[in-house]
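One chain, subunit A, links the two complexes that follow: it is found with subunit B in the first and with subunit C in the second.
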Partner chain A sequence: MKKLMTSQELARDGRFKRVPVQARALDRRMSPKEKDAAAGKKIAPRNQFSPEHPDAPDRARSLMHGIFVGEIQALEGAGRTCWDFEAGDGTNGTVPFALKLDMARQCWDEARHCEISVKLSEHMGTEIGEFGESAFLFEAACNPDPILRLAGVNRALEGLAIDVFNTMKMFGDTSGDPVLEFCEDWMLADEVTHVKMGSDWLRKGTENDPERRNRALEFQKVVDKLFSGGGFRGDDDASPIKLARRFRELAGFDKTEIDEIAHLSQEALEEARARVGGAYGS
Partner chain B sequence: MADPKKPRAAFAPWDRRELPGSFSVEETARKVGNYKWIEMKLFEALGGWVATVPELDVKMRLGTHCYHHAWHAELWHKRLPELREMNPDRLTKPANDDIVAFVDAMTEPEAPELTIEKLVGVYRVLIPHKIAAYTYHLNNTSSITDAPTQRSLRFILQDEYDDWRDGEMLIQSLLETEEEVQRAARHQAKLESLMIKAGGIAGPGSIGPVPATAGEAVA
Partner chain C sequence: MATIRVTPQEYTYTTYDAGEIERIALRLAGQVGLDDATIEIDVDESTPLARTRIESLDEPVRIHIEGGAMEDPTAPRELSERLTSETIGRLLLRVVDRRSGRFAEAPADEELTLPQLTAWETSCLGRLERLGYDVRPPRRRYHFRTRHGFSDTADAVFDRLWATDELSWADIEAACAETEAAKQPA
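== the complex of A and B ==
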């Protein structure tokens, strides 16, 4: 088995439909605003991901499917990090033995998240393949530098998972779905652990290499901005996915870093508004 | 109330543990280093294969088992300094070149249609050999002087039995045609031959004393 595979090589059964990340974002069941914008209609103001919204069932099912495929790719990415790098002192393409153990632990956690997501998807009335799968998470997990890989996956994307799970947990609470709330809370605990792994290894792995640390943080920033998804994740109460500041702090982010993610999300929102010619609600 | 002054035997009547064991500290450290090496190779391979198997249930099982073997590697890593090997990396090595050849052959299958070969290598060859070697070690080391190794072996063996059963059931559920049965058998025979050459996961002596050579027997 070779080292460093690409996202095109990910093995899937016939139910899965691979789509580019843009197509996933423009799935009309997922993004009514984009649909209205395409039809030239004035778009309603952004609103929080709440059970009262008429699109809430579709949005929740779509988000659940997105979480499920994200969990598969997170499992695959952590597994590849176990395989792609030899154990060593962290130089010359090696990674410390303890980092590999962390990635193996993450494999188990992500495998359980897949199991939880499959069962929750059934619980919420969707099924595997109802929505498309973009390989964006695994693409970040293909970075040949293990520290950049962890910055992109564990800090940026698993950080996004903290925000998403926290939002879904609150959605479960407000919609009166204790099963959803229970499961999201458990997955949230694991995600905080995974983000902390990323924060710890970023610090340890670049202790004497500020240039590598800068490259890792820059890569994380690119991934963070790319998946701020038109500003759908943000700091204000109107954001569909709310930045989970407290959990991010537990995972090793400092206030400046969280402020920066909020700023990137705001930028992504402004850019999305500009793209749809001012039709995007404020 | 029990009389606090009444002498009692150090070993209760039902405690049949004995002092003698078959392995010295050095021999135990060598074996533990070999065990850590093979557990590492196994968890790395299982992690790498996750992305290459299309079957969802297999994908998730491999991810779970990946951690089990990483944990075993960690247990052995921690045991080495307790066996006077302060640099665990020094003894983290294959028993011989033949076990390296076995691991290379086991990890060769990559394409998504080769799930049977991937599973057969792990669950019909490597894990049964691990269970054999660990059982031999468990039953032949001193249950008093080497109790920490025994404790790890018991935890590890429980995982191995569970994973073996999981893997075997996955294989049985994937084998649907005569051709697939033959594929599985051919691959198993190929890997089994390599493992025999290696003498087991810790080299010759993995599941019993190495027979003396003719020259040694005469001497």
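== the complex of A and C ==
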């Protein structure tokens, strides 16, 4: 079996439609609220995942479909990490055998999450493939350095999953949907473990290699920023996805690192405003 | 035959096609009983959001649609025939309902609560399904449950509204009262 496959080789059946990251990046449209923000107007915070929000059900369905395809990619990514690298001392393209065991355990978790997500989609009235699939998680999982791979996937993207699951768990609670609430809670518990694995292996794998650690953290930062687009998540109430600070602490993030993600989100929001501001006469 | 006017005619943020929207609206107008109406459809393609509103019930009927309501969820900025039909169809059916006299007691659209609007649209979508449109009932059931509760009572009310052809404002009020009562602890 081939090692180190590229993201273009990711196979899917006919139900799935891939949406390139560039397609979203080139989208110049903005919500009225974003237009106001781009024009420098102050906007009132409003929780978009509240049962009182008119768009909440469809937003929740779309977001959970995104999580579902992310679970498939995380399963594929962790499986590839088990296979792509020989067991060794962690140098010269090898990984400690214990890292492979962690990835194997993650595969088991992700497979369960895929099954939960399929059932949850049915419950929410969503069909598999109803929304487009972005393969960004798998792209991060194709990094040839296993430590950078874990920084990008386990710390950045599984970290994002913590924030999403926590937000959706609250939506399930407030909308009176016990199925959504419990599914999110169960998956959230595993995500904390996956992020912790990423934090632990980042620390162990770069103990004597500060340059590699810096590259890994830089890669994580790039991934974090891409997924903070338009202020998608952050600390303030206007962010659709709230940073789950407590769960991130449990997963091995320190306060400075969580503050950094909040800062990246704010930066991404301001860049998005600047990018499209001209189109709306700000 | 109805007269349909879509604005804008040219799209820059999206690849939408005014002719395609007109064709869909014309077919729907005939099917829901607005054969002789003049219908103006104002599309705001600059937003990916999916809000809609009826701006005029009188001639010309005027509806406003944010671009996301007609967008293909698997292809950003491309028109979805299915969602365009669903969006225009439920708006036109609400126009038909308002004009029927059975909604004389109903508040203005902007005063409708989310449970009331969801209940009303449940019936509109049920009618569209019977006209042959793909409106994905499970998706609408989930919407309904988020507004009316995840309960057997809410599901039964959903089924009743879905099957109703001659809806009245009293039906909506009764539906909302029934699901609200089921939410209260015994």
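Side notes on the structure shown:
Keep in mind that, in the parts below, the second predicted complex is superposed on the first by the 250 of 282 C-alpha atoms of A that agree within 3 Å, B and C clash if a C-alpha of one lies under 4 Å from a C-alpha of the other, contacts with A are read in each partner's own complex, and residues count from 1 in each chain.
Everything below uses one rule, namely that a contact is a pair of C-beta atoms (placed from the backbone, for glycine too) under 8 Å apart; a residue touches a chain by one contact, two chains touch by 3 or more.
These figures come from a predicted structure and were not determined experimentally.
Judged by the touch definition given at the top, the superposed model places A:D236 against neither subunit B nor subunit C.
Once the two complexes are overlaid on the shared chain, A:K17 sits against subunit C while remaining clear of subunit B. Looking at the shared chain after the overlay, A:D254 reaches neither subunit B nor subunit C. In the superposition on chain A, A:E207 makes contact with neither subunit B nor subunit C. Of the two partner chains placed around the shared chain by superposition, subunit C is the only one that A:R61 touches, whereas subunit B remains out of contact. Looking at the shared chain after the overlay, A:E267 reaches neither subunit B nor subunit C.
By the touch rule above, subunit A contacts subunit B in their complex via residues 1-2, 5, 9-13, 72, 75-84, 87, 97, 100-101, 103-105, 107-108, 110-112, 114-115, 118, 128, 138. Only residues 17, 19, 23-24, 27-32, 35, 51-52, 54-58, 61-62, 122-127, 129-132, 175-179, 279 of subunit A touch subunit C when the two sit together in their complex. Of all residues in subunit B, only 40, 43-56, 59-64, 66-71, 73-74, 77, 107-110, 112 touch subunit A in the complex they form. Contact residues of subunit C toward subunit A in the complex are 13-14, 45-51, 67, 73-77, 114, 136-143, 145-147, 149-150, 183.
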